[in-house]
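Only one structure is covered here, and it is reproduced in the block below.
We call the chains A, B, C and D, going by the order they appear; numbering starts again at 1 in every chain.
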Amino acid sequence: MEKIKVTVWNEFRHEKSNVTAKGFYPSGIHALIAERLNQEPDINAGIAALDDPEQGLSPEVLEQTDVLTWWGHAAHDEVEDKLVDRIQKRILEGMGLIVLHSGHYSKIFRRMMGTTCLLRWREAHEKERVWVTLPSHPIAAGVSPYFELANSEMYGEYFDIPQPDEQVFISWYEGGEVFRSGCCFNRGLGKIFYFSPGHEVYPIYHNQEVQKILVNAVRWVKFRGNGSVFPFLGAQIKIPLETIAEKNYHSAPIDHPN
Amino acid sequence: MEKIKVTVWNEFRHEKSNVTAKGFYPSGIHALIAERLNQEPDINAGIAALDDPEQGLSPEVLEQTDVLTWWGHAAHDEVEDKLVDRIQKRILEGMGLIVLHSGHYSKIFRRMMGTTCLLRWREAHEKERVWVTLPSHPIAAGVSPYFELANSEMYGEYFDIPQPDEQVFISWYEGGEVFRSGCCFNRGLGKIFYFSPGHEVYPIYHNQEVQKILVNAVRWVKFRGNGSVFPFLGAQIKIPLETIAEKNYHSAPIDHPN
Amino acid sequence: MEKIKVTVWNEFRHEKSNVTAKGFYPSGIHALIAERLNQEPDINAGIAALDDPEQGLSPEVLEQTDVLTWWGHAAHDEVEDKLVDRIQKRILEGMGLIVLHSGHYSKIFRRMMGTTCLLRWREAHEKERVWVTLPSHPIAAGVSPYFELANSEMYGEYFDIPQPDEQVFISWYEGGEVFRSGCCFNRGLGKIFYFSPGHEVYPIYHNQEVQKILVNAVRWVKFRGNGSVFPFLGAQIKIPLETIAEKNYHSAPIDHPN
Amino acid sequence: MEKIKVTVWNEFRHEKSNVTAKGFYPSGIHALIAERLNQEPDINAGIAALDDPEQGLSPEVLEQTDVLTWWGHAAHDEVEDKLVDRIQKRILEGMGLIVLHSGHYSKIFRRMMGTTCLLRWREAHEKERVWVTLPSHPIAAGVSPYFELANSEMYGEYFDIPQPDEQVFISWYEGGEVFRSGCCFNRGLGKIFYFSPGHEVYPIYHNQEVQKILVNAVRWVKFRGNGSVFPFLGAQIKIPLETIAEKNYHSAPIDHPN
């Protein structure tokens, strides 16, 4: 079996500058996630960061990536537009995308959604309870009907995204909000999963339920569809599949002229 | 009753250069559509074109527009990016958008969808039959279970768009293709309707069924929702709605450290 | 303008036997709702109850009803199956349906959904906060980004319904749950809105936000679609719309016989 | 690896009485489909028919079935209601369902959909061309952008079903119709795929593209979700997850009494 090639991308700034973030993620959020993913026999995860050459995502790396996970926060604007173009192209060609937490406001997620992707938020160390709302979905496999995060950053509705194709999780917050925290989208040949838990100053990516969901998500966003449509995107089909009756269209009557 | 303010935007190039297009639409596609819309007591439609000052859509005009209809084809690239930014912003604030025919590849539609919006196509004067697939939808009101266009440009699947929230029409083509020809999307506070019939060298906008659909669509995309969420987009909610228990989150146990 | 004919159906048992329910709704939940709806110039609402002749919904009444609202709880099983058949038929023909609170487990809602429509619940006089999650939707018009109900019966996920076509509201509960509290479905020519707030021992239907939503919902579920498809449901189309090539299909080669 | 247990159910009447059906499917449609599925290393398919004891689906058989495929046509009414009840219950518990062709009007499909599931139809040995409309979906894997069936029974819109969660295929017919021919639905813990090609007097189930789709569909409808929510369906949660403030709800003010 060929392994799923995952590139775990991280802005990787907070973990250098913020003592709490560094405490929970000494080698970066991406390193922890990749380490966990690599425990799975069918996954081969590498890491990439904003300050790497070519912002971590050279054309070659992207070409080799089946699934890209994205964590960014303070430096969304530093991601180059031409890189966003390349990532978008790869997703539409079938690369899976998993967008994590504050990645909701990344250039690539906003590009794929077409909306502001804005939300209400509060950083108050409050409890989040994540509820399963689509139990038939593989991304929900193996977790409880709900699970709790003792400390979370609140992300609340209205969350400005298109209606997801599948709404897998909805979160409850101690401070009074709800949030569509696990959202699936089909875009081109690609699949996208947005998952909101994961603030840098909380140990959320150490949580086993969260980790199971990330593993499930990698498998779900991995392309398993139909690549044969790709060469026909934008194609002019000069020879019709069926015979078209000849007619003098220039003299076609206008049914209801003004 | 306050009328719905529609701006019918048109690239307005083919009707000047192509004799057939000019024959069917001597004052432009936009002029014909606006004239038809203005027959309705609740609609007040104006026109705008690419070669007008500010490409027809000054901030003032956009601000005054409840519903924008968009026809473009050969000059998509000439539309300025800053104008696309402004239109996107207005849609997300609640302006309705109706995208017509070759507008599928306009910058604004691609921006809103996040996909290539490419499709297969053929210009062979072939018959198109438009089928109603969601009869509960107001946009389908007043038309037959299907209607025919004697000459149409073929637009065929795979059409690279997100799954519509509501699929109102699907078209059959003489040459062998099918197409999702009437698609509804919610984006931010705005509503979007894509309608594929309408090539410039065919008298499609003279067709009464097509005209009924455009009238219905104007009424449907007109904002009638909830504007109160707007000020909260991106808002930090410092004072929680509910009391949040105090805890020493720095010492929060890591459930499952690596 | 012809008014929208609404029939507000109620089981109408609790308000006779439970002193609290009677206190809030002395003439029944249905009477209060109908009274409120009748304040609107475009609505004409009547009432009907389980213990009325023909369980309140004779064929004549159903035939005259544009929109049916349904409140039931303790006596779901008493509703006759043949009545459920008639209501289902009317919905698929275009009658709008609004299902309220414990009506989630009514025969008619389960019939329309195909699922158990079960949920988690708790009656503990707890706070519910209803959040708008689709601000472009007319049912959300005129209410705040969220509104609160001081005392509510908790309805929590997983709620066993098909994914709604449009998810307008999601609720937060003091006791820790979330719930998809405002759900839109297209079924046949009909539209269905499920709205969960509304327990009989709380004055929820006196709340102005709730009342606005009910008014909005009546207007939204009212049929404004395409009735012309109805005669073609199940129709055999002997004469094809297009010429079908003659062929000896009996001798058609089997492409890949086993 | 544990194999996916499939039960291929067939009405199995036409293949006994109709010489053409018998010619293409001498042992029945179900036997051919099961034989093909059993070529896959991860699938273990058995067969069942209407005239078998307990109509082929005893509680024990159903309990052992991961995926049920359903072909019926002339004898829908003979399927016992109590069997339909059992099948529905199993689907909602996670059994996958694949409904084939004329199974659109089976009791179980109508039960799961809540609509009439009626459509327009014509039996005229006409060409059908099946187009992929959601290339990211695993059910579309391995087939071409479209494929053709030389002879098919026409099934045309309006097809009275709820909007599918995912629309994988749309068909073109020689005689002028279109049809949503490959439709995915989530219902409870179960997944449902409806696939329309497959009339009994055409060798459609011998077609390799059709066979690939059936194999893909078996894998997709197989439950891989979250069974943990099941015990909570309908559960009363007496002890809240969070503390609920005490209040005298009987004296709660009515905000806006009539």
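Things worth noting here:
Heads up, the rule we're going with is that contacts are C-beta pairs under 8 Å (C-beta built on N, C-alpha and C of every residue); 3 or more make two chains touch, one makes a residue touch a chain.
Not measured: the values here are computed from a predicted model.
The set of chains touching chain A and also touching chain B is given as C, D. Two chain pairs are in question, C-D and B-C; the one with more C-beta pairs in contact is C-D. Between chain B and chain D, the centres computed from C-alpha atoms are 34 Å apart.
One inter-chain figure worth recording: chain C and chain D are separated by 26 Å, centre to centre, where each centre is the mean of the chain's CA atoms.
Between chain B and chain C the centroid-to-centroid distance comes to 30 Å (mean Cα coordinates, whole Å). Touching of two or more other chains is recorded for residues 129, 132, 134-135, 145, 156, 158, 163, 165-166, 174, 176-177, 186-188, 229, 232, 241-242 of chain D.
Of all residues in chain D, those touching chain B in their complex are 129, 131-135, 145-146, 156-159, 163, 166-167, 170-173, 176-178, 180. Those residues of chain D that touch chain A in the complex are listed here as 94, 129, 132, 134-138, 140-145, 165-166, 174, 186-191, 223-230, 232, 241-242.
The residues of chain C lying in touch with chain D in their complex are 20, 24, 32, 35-36, 88, 92, 111-116, 118-122, 124-127, 150-151, 154, 156, 158, 160, 162-163, 165, 174-177, 185-188, 201-203, 206-208, 211, 229, 232-238, 240-242, 244-245, 247, 249-250, 252, 254-258.
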